[in-house]
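Which chain is which? They are A, B, C and D, in the order written, and residues in each are numbered from 1.
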């Protein structure tokens, strides 16, 4: 099947989609400078600012997380491509304040390189910036080799917790510690059932044979794991959840956040079935499904499949998760 | 391509998905009686209650609209099939109160029949229930033959306005008048670019050839309109918006709500491009894009395409649109 | 052949209808997939399952409560247009049997007429609009004519079934003006209406059921 | 052949690199689509467009600001791994040319060494890890050896280009340990690394560009 997308000139895709995104969320977000996504009502300067960067084509991520209680600025790159360091340093300068800036970086080669160069420059310029790296994809590396682990939808929980902490007036070091704790507490695994097309090139991103699913596929279709026959919703949860629980060493009595992130064409209907099974499994282990989030947050165009992210919550993280947010992709009252 | 869905036994699909939906939104909604979706914190009895009914498989619709500021109860049917009258009357009895109940019915054969039988029974039982029918799909009938017009995503705006009015203490007749005004003010047109599969039967719902799009296709793949070659985002907006504006007789100075409802696999990215173009066209006509909503609200499984709904707002409708809601599918602070 | 219809006969008739539908449900879905959403067979299967469950569970003896329970059970099917219309058929028949525990053939014909009237209160569809009405109207008319002409109930049901089948067959040449199939306009011509086909199968089942009992 | 490299020569070299990439961008994307995301050719095209724009716009005369502007412009490409690494190459070269408006071949070799060091500060990838490092390291080494052996700049760049090409070719047999392609593990063996191929093309362009000017 050829690509069937309603787009205009691929060369203008990202600026056009950002223009539409800002329109759709007028009153919440706006574009500033070289297409940085900022809040329309900025956070007061005595509070820590949160900045992130990442490729486009994953809407609503990451710019959909800009808002009160979450991000101050997102730096959207080209489709599936990290923004270059000049726009990242531009964002850091814009966010700069005495209270400091926390840069959230998803572990993908381009993102960490852009972040590193921008961080080096920021340090030279005397900006008060610290960085947290999210790398919770258990399919691409072990806990002992965190550098190998990609950053998937877990960034949302990190941004939510640190964003709420910043809003409450926590210091940069406190926000960083909260972000790092949430990051350490979480693990993600993805399953893909059908591929997608690159909106600019028309290339097939992941070719997945009929009746097959792939557990552990990355955000851009990079293969990373087990090709197996398509399973039921329950069986899929039975395969994915235990390895995630093992990774975070979940124990009876633990309280978990579970996020099910649809990556494109997989329906909410299916994700609800999976969540239902997760609750059954957790109950069997004496673990509490304390919070859940089901929806499309970090997509890969029209790919079929989802990311399952589990995170151990403590009282503080739970309260931060529950804190208000007006980000377009996650409004919490 | 065969169906690739993560489901269990199709016979249990709807109860399972409702269980997962309630879990995912624990604290907001719960299941009651014969799988009616209700709020966990019910509206006070002196305010008008809102009830709707409709087939499942369109998640988050319609149960995702249950919440403070929107619906009190939704009666979910089987996949793409209206619930029978017994559960509808069960919901009306449950919602019944002196202030009255407003039943919102989308114009589809099964839904209106179930609603009619339940309304007849309600009247016999002396319940204080009134009904509003949404039928804003301009592809299936003219404004003079509103019976022929199907109800598409516009129901969301009707529920939002009437739900906010009910929350503010308006009477049943006032809520009905507001619902009917919003309904009269709006028009919807759908475009489909790729088909979907029925999750129970595996049947293809709409077979759309490569490089083709269909303007005016119904919610279940019923053909209804113009098959034409696939267009750009801008061209698609150029085709769809003018006929909608003509239908509601939009004039310079009007203030519009525009909803772009992705029906499954079409990305937010694409919808943002379309919104961008809509804004340009409206500006050219001196019409204001006063409010917009872009996302997946009433889906058709993994179908590709979207519904464009425009509605003329007056000051009261604007305020009701902006009023708070905690419904899972539309949180407004 | 008894002069009156009792619960046993009605139960056989209803089970007969369920048996016919069960045998043909795939064909019914196929017909529905042309202009509709392809679920008619599945919906009818569920309707018939509910019907049989209602028969089995029906505590109150008597035709009126039996038909009420059956009608309510079919209304309970989440099935788009079918559940409400067929459920109403039986509910309205039940109402018409007030005080008639053992109706004679004429009273039975009157009950079917009341059932049809109930359905027609739910839909504006007329004969010729390519819906189940195209089978139901001639079936009920034939039942009345036969009964008035002195037929016993089995014979009258046979004639009703034949009329329903002809009515259903005639829908092939029609353009749908109600239901989902109306959306495909003239493309609906050439395919028999699934709902009319179901009604025809059900009347065949009523007849066969009554016959085996006789 | 002049003894020093001026802005004109460098401009030719840079434009030469852009020309080579432009000719081969489809092949680069094809290579990237095996283990990566298939965008390397597009990214390199954008990088080279930015490079040429920077040359055209570069107001300040002098090698150091020219290379700074080029590096900054390439950093500005939203291109995953490529932009930061290649941008850093030129930025670091620029830094090394402080006070050297007309570097001699040895100073030029030192600038390339500084560029390589800058890149290596951004990535832990070593020769053998199947990345652009596999072309960059031998190219810079060959440049140094040739210059030390008395080659002029054109000849030294030719040897550097040859070394880069060999380094890139050798990546075919390697398993990727960095970048997206590392995820496909042993399946990356058998395909030449796209980034290394780009570096090899750019050195070929440096050489050809310097040569046409000579």
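We adopt the following convention: a residue touches a chain if its C-beta (ideal position, glycine included) is under 8 Å from a C-beta of that chain, and two chains touch if they have at least 3 such contacts.
Keep in mind the model is a prediction, meaning the values are calculated, not measured.
Listed by label, the chains touching subunit A and subunit D alike form an empty list.
With steps allowed only between chains in touch, the distance from subunit A over to subunit C comes to 2. Counting C-beta pairs in contact, the chain pair with the highest total is A-B.
Remark: subunit B and subunit C have CA centroids separated by 33 Å (rounded to whole angstrom). Separating the centre of subunit A from that of subunit B, both taken as means of CA atoms, is a distance of 29 Å.
Distance between subunit B and subunit D, defined via averaged C-alpha coordinates, is recorded as 55 Å. A separation of 80 Å divides the Cα centre of subunit C from that of subunit D. In terms of inter-chain touching, the protein chains here are arranged end to end in an open line.
Per the contact rule defined earlier, chains pair up in contact as A-B, A-D, B-C.
In the complex of the two chains, the subunit B residues touching subunit A come out as 1-2, 4-8, 13, 16-21, 23-24, 26, 56-57, 59-60, 193-194, 199, 210-211, 213, 230-234, 236, 264-276, 279, 289, 292-294, 296, 299, 301-302, 304, 324, 326, 331-333. The touching residues of subunit B, when paired with subunit C in their complex, are 14, 55, 77-78, 80-87, 108-110, 113-114, 116-117, 140, 148, 198, 200-201, 203, 205, 218, 220-224. By the touch criterion given at the top, residues 29, 33, 35-39, 42-43, 46, 72, 74-85, 87-88, 122-123, 178-180, 183-184, 187 of subunit D touch subunit A in their complex.
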